[in-house]
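Each of the next two complexes has chain A plus one more chain, namely chain B in the first and chain C in the second.
This part shows the complex of A and B:
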């Protein structure tokens, strides 16, 4: 495995790959630009099932799982939802492997009362096919028909338990079944440093009443970045809530898994290679794929990309006490993702792929484009952003005016009505958030259909609040101009045009850094 | 009038080497030994030409036939994802359909590099049947009526050579729908060659084309693959065979109920045995009804009223 590195572009550097939604571009960057390449995938655990069993029998700062299980107890197993991992992994999914191992031990201990809950907070409910993919047919067929496997419902007052307030007055309200169980086993997939820890339960199983305390503009603007736990207000808030949950007597056995960044299956694995290492076959695949995709209808192209299952697999699994487990998990994530970068640039460029945590099997709508670029990719840093304050972010994405009407109904109204008024996160939060959060129709769709909660588009917008505050401008290359302008950004046809436009903000002869992701990386900017 | 001599048309006979040589006087024609049964040499059926022919047969008419007759549902394939190298697939046995069903269900990379242990006295009874068995399902002869060292040596040589083996440890098809006690062949080979055993449970084929049936009756079937088993240190073949039987029984329970219930019963040591309850035949048949799923496929939905 080779570590990530920073390449300085010279005349011999080949054009650089930019993801562009459901497509790709090769762009020649100016001489002197820097490209941040991710590390290559870490090796997978040689015996995954053995490692899972070992983690359960030898947990950190906790008794072994069998010692926590007894006949007659109430056991709840919560697990991460469809938003993880990205792209979805090949079968068997990490959650299936871990939960089957947990259930094996539960069966041996004579535990009968078991519930499995998809910890989706305000995300859309998972469909049967998605649950089957995540948990496998065996678990689904055993539990779902009896109503013992279900999606968390954050709008069901009868099944929520209020556990108290943090020192700062943050209310903690989570799933009643989880709160009242003798043991809550949380099965997590840690794709980025933001995931896991107390955030799993304090966010995944929480209601709007609880989430609003950290899913807000102030928290996001004070999380620099939310991938850096020590400088993230998002984490601090979740950790305070985790303390309340623990003090309320909820016993959590946390199981966290880490994945390597082997993101694209063959023959598209060239997308994670360095361009000068592309073979003849890689180049042919690129040319063939780009030409074919250009002639493919949008719907077909989307279904092709959404059917991609990543070959990534487990590099580590740890179980036990939440904090102790999460320290080990975070170290493993950093081992996979950290790349050292010296200094900030005037311009940061990035190619946005077809998928984000909120459009799995769905449409990447303009708000999710903003969230992926300014929320997730901009925040892939520790210490300081890759781009200086007042700098320009150039993203490449088609950014079409399109939404999934079932999954994202409130996004449509947010985009068409609210963004026409203002793009200021603080103004949106103050004036409109509550009405969307308490809208009965959105609530109904969230609970009974497969819709994200009414307030979710606000959270996506807040996710980019730190970047909006930090940047002097945002340009989207190849995006639909009308849509891009609605987002409050500037459209450009080509990268050259975008660079020309950026000089108006950052001055002539700007420095440029390109984030060569995915696969994901975390820039340690000194 | 003088009768004309009878005309006898004789086609010119091609000489040697186009025809068989004449045997010189004083010599006896050599007796060609026709080997059948356990002595049948199946080596030719693992050569490239035969393998390609088998691939075409399996992926074409056999797969279509299995789908039409047995509409198989396959479960547990994910349990094999982490395995590599040769495997021994040990399945319960209800019907002649089992081998084709399993050969079209076993995932790659094992599907097309696998031999089937078949009864030497049945599938290799004469040269025609033996050649068909070897070609179509890649059968190798195994003696089931007596202990025979060569069968085991042949199978272990193939395992060592990287071939997987499909074996029915019950030694024959079920007569009444319940299984029979496992023989030790699969366990012995696993110990000898250090190859994992994948327990497999087949459900439904007995109803479709069970022992004694004259014609098949289309229905549904289910194949469940289990976790691979490896013999423990100093574990005897008979003990390991017992574990394999328990694993197949647990899969049968899983197919009849669900995975969690089956795991709970297995943990308590209450997995129903494959061999069914003891008692008279009608009681065994009665008990069998509890385990069976739908007897046949659901009738296609038609418009109402039907004329």
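This part shows the complex of A and C:
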């Protein structure tokens, strides 16, 4: 495995890959630009099932799982939802492997009161097919028909438990079943440094009453970045809530898995290679794929991309006490993703792919484009952003005026109605958040259909609040101009145009850094 | 004198209907409207005056006539040939010049020499006159539809004393020509006077929609007023004239749903990017300022149970599913013209002068044309919003021969 590195572009550097939604672009970056490449994939655990069993039997700072299981107890197994991992992994999914192992031990211990809960917070409910993919048919068929495998419902007041307040007054309200179980086993997939730890339960199983204390503009603007646990207010808030949960007597056995960044299956694995290492076959595949995609109808193209299952697999599994486990998990994530970068640039470029945590099997609507670029990718840093304060972010994405008809109903109103008024996160939060969060129709669709909660588009917008505060401008290359303007950004037809436009903000002869992701990386910017 | 005249010609009406179906306003090139040289209309009696139009607006009802799609309902209440144009500011001919007037076009009992007047006219509600086809004049519900009076799309018309309103000093002709559409809008807006805290929704933001928006803001004052506006100029003006929310027509139902906390129904739970078809709640009052099957259907889909739809736009023959009207016990109310407004103790036209001045409605006049460019003018009016315009009018101030009349 080769570490990530920073390439300085010279005249011999081949054109650089930019993801562009359900397509790609090859762009020639100015000489002197820097390209941040992710490390190559870490090796997968040689015996995954053996490693899982070992983690359960030899946990950190906890008794072994069998010692925590006894007949007559109430056991709840919560697991990360459809938003992880990205892209979805090939079967068997990490959650299936881990939960099957947990259930084997529970059965051996005579535990028969077991509930499985998809910890989706305010995300959309998972469909049967998605649950089967994540957990396997055996688990689904054993639990779902009896109502023992289900999606968390953050709007079901009868099944929420208020556990108290943090020292800062943050209310903690989570799944009643989880709170009142003798043991809560949380099974996570830790894709980025922000995931996992106390966030698993304090966010994944929490209600709006609780989530609003950290899913807000102030928290996001004080999380620099939210991938850096030591400088993340999001992290701190979740950890305070975790303390409340622990003090309320909720016993959590945390199982965290880490994946390598082997993101694209063959024959598209060249997308994670460095361009000068593309073989003749890689180049042919690229040319053939881009040509074919141009002729493919949007719906078919989306279906093709959404059916991609990533070959990534487990690099580690740790179980036991939440904090202790998460320290090990975070170290493994950083080992896979950290790339050292010296200094900030005037301009940061990135190509946004077709997928984000919130459009799996769905449409990457314009708000999710903003969130992916200004929320997730911009925040893939520690110490300081890749782009200087007042700098320009240039993103490449088609950014179409389209929304999934079932998954994102409140997004449509947020985009059509609210963004026409203001793009200021604070103004949106102050004036409109509550009405969306308490809208009965959105609530109904969240609970009974497959809709994200009414407040969710606000959270997506807040996710980008730090970037909005930091940047001097945002330009989207190849996006629908009307849509891009509605987001408050500037559209550009080509990267050259965008670079020219950026000089109006950052001055002539700007420095440029390109974030070559996915695969994901975390830039340690000194 | 020069005049644009509509003749009774079935082949021409048929041609206009075909052309108008291809593109609204195209009926002007092949239909019953022609630029002709005619004698000025004779004064029907001593209380009549000759008026030389200065500006005369093009209204949606005029476009329907030109495109041959006006309702057959009007056949007995118009007389051919007639000169269209009922939005008129002109010079009073016998004043010796210098007196500009606006015409209140309804030809009620007073203009028709009928005494005693009917119940409508007796109550000063001339828009509800029972005698619009009788008396000393040929049939014609308004100036601009009557063979005896002429209309604004010419160099001269005749107006009864009861129809004449002096234009205040300092007013532009553009402001004055907006008085008549403003009066129509006020009539509709005042039918929303009991909206209370309910959401009021306006469908359409052409001249009528914008004037209704201004009238609602001035005379009704709803706390929440949402307007469905298609074009940028309409969206800007709707906001300026008092809408609290302006949305695209396709998203009006979504906006009403959200503003009223309503649920929605549909094949996909109404969550799609397609316009919502059915709300369970909705706006207390919806003002339809378009008058098409689509706009009425939209009004029916967004009005609350027990609510009211005020139809200000001229509808014509429409095919609309009225089941929601029945099932949700919705009132459908027409708002045609003007007269007395008992709730405010004033006449609609007096209120209209006030509204035009206060809201600056003269700015809605976006383009003017001479008579000989009538085809261009009507095409422009038919596509006003798309072309960044609101009200298109004929400008007769510089027409040759005007001074010789």
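By definition in this document, the second predicted complex is superposed on the first by the 526 of 526 C-alpha atoms of A that agree within 3 Å, B and C clash if a C-alpha of one lies under 4 Å from a C-alpha of the other, contacts with A are read in each partner's own complex, and residues count from 1 in each chain.
Simple rule for what comes next: contacts are C-beta pairs under 8 Å (C-beta built on N, C-alpha and C of every residue); 3 or more make two chains touch, one makes a residue touch a chain.
As the structure is a computational prediction, the values presented were derived from the model and not from experiment.
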{"item": "Chain A as common anchor, with chain B and chain C clashing or fitting", "value": "fit"}
{"item": "Which of chain B and chain C A:451 touches, first, second, both or neither", "value": "second"}
{"item": "First (chain B), second (chain C), both or neither touched by A:439", "value": "second"}
{"item": "Which of chain B and chain C A:417 touches, first, second, both or neither", "value": "second"}
{"item": "Chain B versus chain C as contact partner of A:409, first or second or both or neither", "value": "second"}
{"item": "Superposition-derived minimum Cα distance between chain C and chain B (Å)", "value": "24"}
{"item": "Residues of chain A that touch chain B when the two form their complex", "value": "48-49, 91-92, 96, 103-104, 107-110, 112, 114, 136-139, 141-143, 145"}
{"item": "Residues of chain B defined as touching chain A within the complex", "value": "75-76, 78-79, 81-82, 254, 258-261, 263-264, 266-268"}
{"item": "Interfacial residue positions of chain A with respect to chain C in the complex", "value": "402-403, 405-406, 409, 412-413, 416-417, 420, 435, 439-441, 444-445, 449, 451"}
{"item": "Touching residues on chain C, where the partner in the complex is chain A", "value": "245, 247-248, 251, 254-255, 257-258, 261-264, 268-274"}
